[in-house]
Amino acid sequence: MSETHLLDDMRRARPLVQVITNYVSMDLAANALLALGAAPAMIHAPEEAAQFAMIADALVVNIGTISETFFKGMRAAAAAARTAGKPWVLDPVGAGATRYRDEVVAALLEARPSIIRGNGSEILAVARVAGLSAEAAAPKGVDSLHEAGAAKYAAVALARRLDCVVAVTGAVDLVTDGARVTRIANGAEVMTRVTACGCALSAAVGAFAAATPDRFAAAVAALEAYAIAGEIAAETSAGPGSFRVAFLDILSRLENSDIAARSKTFAEAAFG
Amino acid sequence: MSETHLLDDMRRARPLVQVITNYVSMDLAANALLALGAAPAMIHAPEEAAQFAMIADALVVNIGTISETFFKGMRAAAAAARTAGKPWVLDPVGAGATRYRDEVVAALLEARPSIIRGNGSEILAVARVAGLSAEAAAPKGVDSLHEAGAAKYAAVALARRLDCVVAVTGAVDLVTDGARVTRIANGAEVMTRVTACGCALSAAVGAFAAATPDRFAAAVAALEAYAIAGEIAAETSAGPGSFRVAFLDILSRLENSDIAARSKTFAEAAFG
Amino acid sequence: MSETHLLDDMRRARPLVQVITNYVSMDLAANALLALGAAPAMIHAPEEAAQFAMIADALVVNIGTISETFFKGMRAAAAAARTAGKPWVLDPVGAGATRYRDEVVAALLEARPSIIRGNGSEILAVARVAGLSAEAAAPKGVDSLHEAGAAKYAAVALARRLDCVVAVTGAVDLVTDGARVTRIANGAEVMTRVTACGCALSAAVGAFAAATPDRFAAAVAALEAYAIAGEIAAETSAGPGSFRVAFLDILSRLENSDIAARSKTFAEAAFG
């Protein structure tokens, strides 16, 4: 099911990934990219973000600790990436929590992200900002709107509306391009107790997207590699502190055979 | 002496703690809150900080790497927290070091913090900014003004002036609400060689304050849990790098029995 | 060859090092300084950066995640340090990558850094910004301009032009004051896979420069201590995550005898 060669492809390409992310996750995002074999560049100033986006192989935008300066840099970089045909990933942290975040998300959607990666409630918020009605995003009968599983309808509708890939992460992850839906049931509970794990995952998605034109496959491969590295690291760690250390070690030596042996990735119908 | 049930109360409440802190401490503060069982949210932009403060269960403001943008967000959030009756904690990092910090502290005091947490020299500086005379803050005969112990007079006077709780941390910590004074003699020397340990402690104080209306008890419980986790972690670590890792592990599994077994907390008279 | 007493001198002095650095490296830079025995202060706001530079024993400026606010603080602090005769270190991260970075570097050079620390391609970019012709910076026959070794010509010319010390780090490091050239062949490959290792090194250079008037010797001693700590840490770690932890532990207990036993430092002619 999984295309494990994408990890090797990414490492061989050693993509330069421009990451405009929140202050909390910069350290882990940069270290995760380095451990995976990519080259991070944290460049956000409006004066240079767009110029650099044309040099970089992929762009990752994360609105966690958004402020006006970062927002300007994000818009400029995203527009430049779009124009240059480079993949760019949107991580809409906290979407829906404040009116300001809705405005920020709306503006960033104008630059048409290649991939959106968030948790269930963030993806629902983005779907609403994108103009999808509550009905389209979450038809009646869905029990828990804020579970990754339940956000499936919103994710599929959003992917179709924006012609992009949407990845919803949670206990079980989900990736869709509007036609295909793949679930990934790997991971470890401790990852929810280490800050920036989701943000660094979005950075990893950017690295994989830089190495293959198939953005759906890139997102699936990134989520799978990341979750499996987390699984392995959790087995040898004693809490969130040692987990984070082990996780970076494992990311740096993760092999295709680890992924093949542990993969719990499976496809399902887009609606059904 | 100590009210160890407050750790359980806090974990059960899983408070949402808005943290506007310096860049250096964001990672450790967020990870310490997650390890303790609280939910951190690092949201500082002036466009949204106040709106979010009304959603959050507590607010923590730390001026370590203060700048105008953060300052605006802090003022707005602190005023909103005050209005909404949410507890908010001020960590006046570097108070007294520059004129700018004095101005920042003076403005933040207008929003009346629930708890102020700093080292001895920071608390003395805040007392001066609050208009307490040198005599009131530190009567003659005090040997070392900048030790946590010697800052007792300033802390008590400040707590009375502002009707808040003041926590002074050092080799021995001190908490006062102006009437009561409690000292906490736990901790580990290595904590002074790991950046952001104090800042993350202030975040922990916010989490505990969200879970009990008694802010004095909340501050005591937070300082005690934190110092004891530090003690335990120091016993198994080989330096500041491994300490930080072990500390987060220990925070995530600290139990009441650990606190009861190790507590060196004792009350004393406010003046005497 | 190496002057290992400088580590002890620095620890005894416990210098207060003001670090205006990028968001990614603040945590590691502060922790590395604390582990080494120095006292970090991350203070960058234009409102206070210059005032604090006059209190601090050394200033370190790193342009990694440069923005206008930080740039203002950097210029003010660097000018104040220069006027006060305090050593200041410039780390020109990403110099040459965008036009904005060239402008930032040009402005900072006006405050005449005491020491410039960068990789080969950054030093070549700074040499260009400083007005050195391509011919002066890299005479014909140099094979790989972007290797630390090949950047020797640019480093020597830059040190002469600006009357400063230039440190070029790579597989083998190089330090020059325009007359002397010393190479340091210690270190570990894993350091290239941990973000902010170079930035934290620049902070360490600032600490050493605060403790001796001989800035060339300070830079050599800092690079040597740092690389040897890295070597030792790499021997006991399983990847970039555990390396970083071990590295801070080792920095905190590095001794002169470790340096003496492992030093691969040697002098060579400035040109030849």
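As written, the chains take the letters A, B and C, and residue 1 is the first residue of each chain.
We adopt the following convention: a residue touches a chain if its C-beta (ideal position, glycine included) is under 8 Å from a C-beta of that chain, and two chains touch if they have at least 3 such contacts.
By chain, UniProt protein names: A, B, C = Hydroxyethylthiazole kinase.
Quick caveat: nothing in here was measured; it's all calculated off a predicted structure.
Undergrad: Note the rotational component of the Cα superposition from chain B to chain C, reported as an angle of 0 to 180 degrees in steps of 5.
TA: It works out to 120 degrees.
Undergrad: Same residues or different residues: which describes how chain A and chain C meet, taking over half shared numbers as same?
TA: Counting shared over all numbers used gives less than one half: different.
Undergrad: Using CA atom averages as chain centres, what separation in Å is found between chain A and chain C?
TA: Comparing mean C-alpha positions, chain C is 34 Å from chain A.
Undergrad: When you check chain C against every other chain, which residues touch at least two of them?
TA: Residues 23, 27, 69, 244-245 of chain C touch two or more partner chains.
Undergrad: Can you check the complex and tell me which residues of chain C touch chain B?
TA: 23, 26-27, 30-31, 34-35, 40-45, 47-48, 51-52, 55, 69, 244-253
Undergrad: Enumerate the contact residues on chain B facing chain C in the complex.
TA: 22-24, 27-28, 64-69, 94, 97-101, 192-196, 237-242, 244-245
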